[in-house]
Amino acid sequence: MLYVTRKMHFSAAHRLHNPALSDDENLGIFDKCNNPHGHGHNYILEVTVCGKPNPATGYVIDLKKLKKIIDDEIITKVDHKHLNFDVGFLESVIPTVENLAVAFWNILYTKIKEGKLYKITLFETETSFVEYYGE
Amino acid sequence: MLYVTRKMHFSAAHRLHNPALSDDENLGIFDKCNNPHGHGHNYILEVTVCGKPNPATGYVIDLKKLKKIIDDEIITKVDHKHLNFDVGFLESVIPTVENLAVAFWNILYTKIKEGKLYKITLFETETSFVEYYGE
Amino acid sequence: MLYVTRKMHFSAAHRLHNPALSDDENLGIFDKCNNPHGHGHNYILEVTVCGKPNPATGYVIDLKKLKKIIDDEIITKVDHKHLNFDVGFLESVIPTVENLAVAFWNILYTKIKEGKLYKITLFETETSFVEYYGE
Amino acid sequence: MLYVTRKMHFSAAHRLHNPALSDDENLGIFDKCNNPHGHGHNYILEVTVCGKPNPATGYVIDLKKLKKIIDDEIITKVDHKHLNFDVGFLESVIPTVENLAVAFWNILYTKIKEGKLYKITLFETETSFVEYYGE
Amino acid sequence: MLYVTRKMHFSAAHRLHNPALSDDENLGIFDKCNNPHGHGHNYILEVTVCGKPNPATGYVIDLKKLKKIIDDEIITKVDHKHLNFDVGFLESVIPTVENLAVAFWNILYTKIKEGKLYKITLFETETSFVEYYGE
Amino acid sequence: MLYVTRKMHFSAAHRLHNPALSDDENLGIFDKCNNPHGHGHNYILEVTVCGKPNPATGYVIDLKKLKKIIDDEIITKVDHKHLNFDVGFLESVIPTVENLAVAFWNILYTKIKEGKLYKITLFETETSFVEYYGE
């Protein structure tokens, strides 16, 4: 079993805010991440697929194909967007790095047909990131 | 003459839009950077100061002091903010990476009293950055 | 289950030396790392916590809180210190990157109360690092 | 159990081509990676060894020794070489990053006698890498 | 005056060999870089343009346009190629990092019409790079 | 004119302390960098040489030769050392990053005979560095 990973980038704005809570509670929990106009990040997304190499090609999945899937399903929908307002599949999701990772997993899981999606790694900044294995 | 540099980070949202132009012109010029709700970045700011080392300390400027100046004058005002709405000194500035670098220079130039401000380097992403020497 | 990680930095001196062995044996084993006055590193410490996101916040643990715990319990005690002389919890520990990772685990394990400590990753240099999962 | 890793670099040329397929099939599968004269990469190889630290040294394996093993067994044989023509142990292997990782595992597995080889990580570029655990 | 930079990547094979010298002289000068089948690198190319920001846009040059010029004029011609055999504008050039930087300058200089080409920076590896200012 | 750079690493301990000042003055100026047992860093040293490429080789200076000069003259003398006690050419120098850069310039300037030493860049950490051009 081999684990192959493609790293991608996108830039987006977001605001951490739970509409079920009061403004004071939101500020208490999310602090500067609750700024009303939002703030933003250069996210780094790593998608890891596992499987056995095809003997004819030596590939688990052609990383150029994996790049195209991630581009089509995720990057074009979130890059240069505000994650609270502009992304259909994030409606009513608080866009923490944890919730984004799970949302990306749920989309990519059914689209990857060579090998099997193994892990989503998402960096919000150089110093903060999350990993999700689908359960 | 020695050139000492302190690197800092901040995360912010912005939108590229010139209110003097039509919506179509704005979209034509700024493309996906014109997204109405904005998008965002993890900016990297490098501030370079030049001077001769003080013989008693071996410092051009104590980099811990330089960090404090940059924190107080810039980072606390732009980090986790929307650059189009939340920052006094950017009012009526189109927040391109070029215009931000000039605005940061104008603020820091008078605040640095050991050595002399020499250069502002500002990365919008890992692959795009600007340098400004004050003229 | 999600795995969230916060990366931190500290700078410290250390010397690899086992007082139970002769000077010749120490030099034979530790080579240039046995230099009597010590040498030093910019360490990178990554702390990974696992858990389920709180539905009200979308956080496993607020990474700003995790940063504060690591700062209070580890960074303030080792940053700009000599690990052989200045750190109470490292007394009589040979400060290899392996032993440091275990010592940091033992301190952090009881301090993290949202989610559960999952992994300590410690880089001594850009090319050498260790991972520890607590057993 | 601790996991220690040494990162190394090498530069090599390669061409992805399966002689059992037609030229058209090869171009269809490998696209620009099938360029007849080959192309090249700066590979990053990470070798992870697991074990318990020796109480006398605090080492799982001395990372200077691990570096020497990787240098002698792998780096000197592939650095500044064409992987399709110049490397005995890659004869008749399609040099995808997957197949290279497996080939490196098979060589290193028997040469590491302190601790146990746990993982091979191989980066072909900054954005594409593979991990292999030996099965 | 502002200096804006776009960073790009390409992967290529090359061989350092001067056909005017004997094989022994070539091996003496170029050592392992003279390997007959060639070797390869992931190059990083940074293109710096200087100018004044256009007041209507805040741009010296739109970095998306600069990226397109570099892609069309350089990257598509060298990426996944062997620099000694596959690139028209490198015919009879010894593909050292120095000569590549000059060749890229000569092509880009006339193609950049907003601002002025100021510098080419080319990394052959993470530890070796060259800068060229056109004279 | 081309500017070629070789990047190198070393790890060392140091203490910032001026024996001409009182202990209180030293602590006031150097703060945590004045810790009596010292602390340490992974330094990154970049050496830039300028010149015209030799038409027979395409090299300003063979970067493998430049690496050997830096290794012999600097790295072997400072790596895994305490800069206040173990390095002849730093005797009575306060080892700030500024003073180290000047000391390295003075040694390398006469040793580089192909091209001309142009710049020393020295990183003390990822966020703090100094540049020196010899005057």
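Residue numbering begins at 1 within each chain, and the chains themselves are lettered A, B, C, D, E and F in the order written.
Keep this in mind: contacts are C-beta pairs under 8 Å (C-beta built on N, C-alpha and C of every residue); 3 or more make two chains touch, one makes a residue touch a chain.
Since we're looking at a predicted model, the values are computed, not measured.
Asks: According to the touch definition, list the chains common to the neighbour sets of chain B and chain E.
Replies: A chain counts here if it touches both chain B and chain E, which gives F.
Asks: How many steps does it take, at the fewest, to get from chain A to chain E if each step moves to a chain that touches the one before?
Replies: 2
Asks: Indicate the lowest number of steps between chain D and chain F, counting one step per move to a touching chain.
Replies: When the steps are counted carefully, the minimum from chain D to chain F is 2.
Asks: Please identify which chain has its centre, taken as the mean of its CA atoms, farthest from the centre of chain D.
Replies: B
Asks: Is the C-beta contact count larger for B-F or for D-E?
Replies: D-E
Asks: When the CA atoms of chain B are placed over those of chain D, what is the turn angle between 0 and 180 degrees, to the nearest 5?
Replies: Nearest-5 rotation angle for the superposition: 180 degrees.
Asks: What is the distance, in whole Å, between the centres of chain C and chain D, each centre taken as the mean of its C-alpha atoms?
Replies: Chain C and chain D have C-alpha centres separated by 29 Å.
Asks: Rounded to the nearest whole Å, what is the centre-to-centre distance of chain B and chain C, using the mean of the C-alpha atoms as each centre?
Replies: 33
Asks: Centre to centre, by mean C-alpha position, how many angstrom separate chain A and chain F?
Replies: The mean C-alpha positions of chain A and chain F differ by 41 Å.
Asks: Of all residues in chain A, which are in touch with two or more distinct other chains?
Replies: 126
Asks: Considering every pair of chains, which are in touch?
Replies: Result of the pairwise touch check is A-B, A-C, A-D, B-E, B-F, C-D, C-F, D-E, E-F.
Asks: Which residues, counting only chain B, touch chain A once they are in their complex?
Replies: 9, 11-14, 32-33, 35, 37-42, 79-82, 84-86, 125-126
Asks: Give every residue of chain E touching chain F within the complex, in rising order.
Replies: 16, 18, 20-21, 29-31, 93-99, 101-102, 126-133, 135
Asks: State the interface residues of chain D toward chain C in the complex, per the touch definition above.
Replies: Chain D residues touching chain C: 1-8, 48, 53, 56-60, 62-64.
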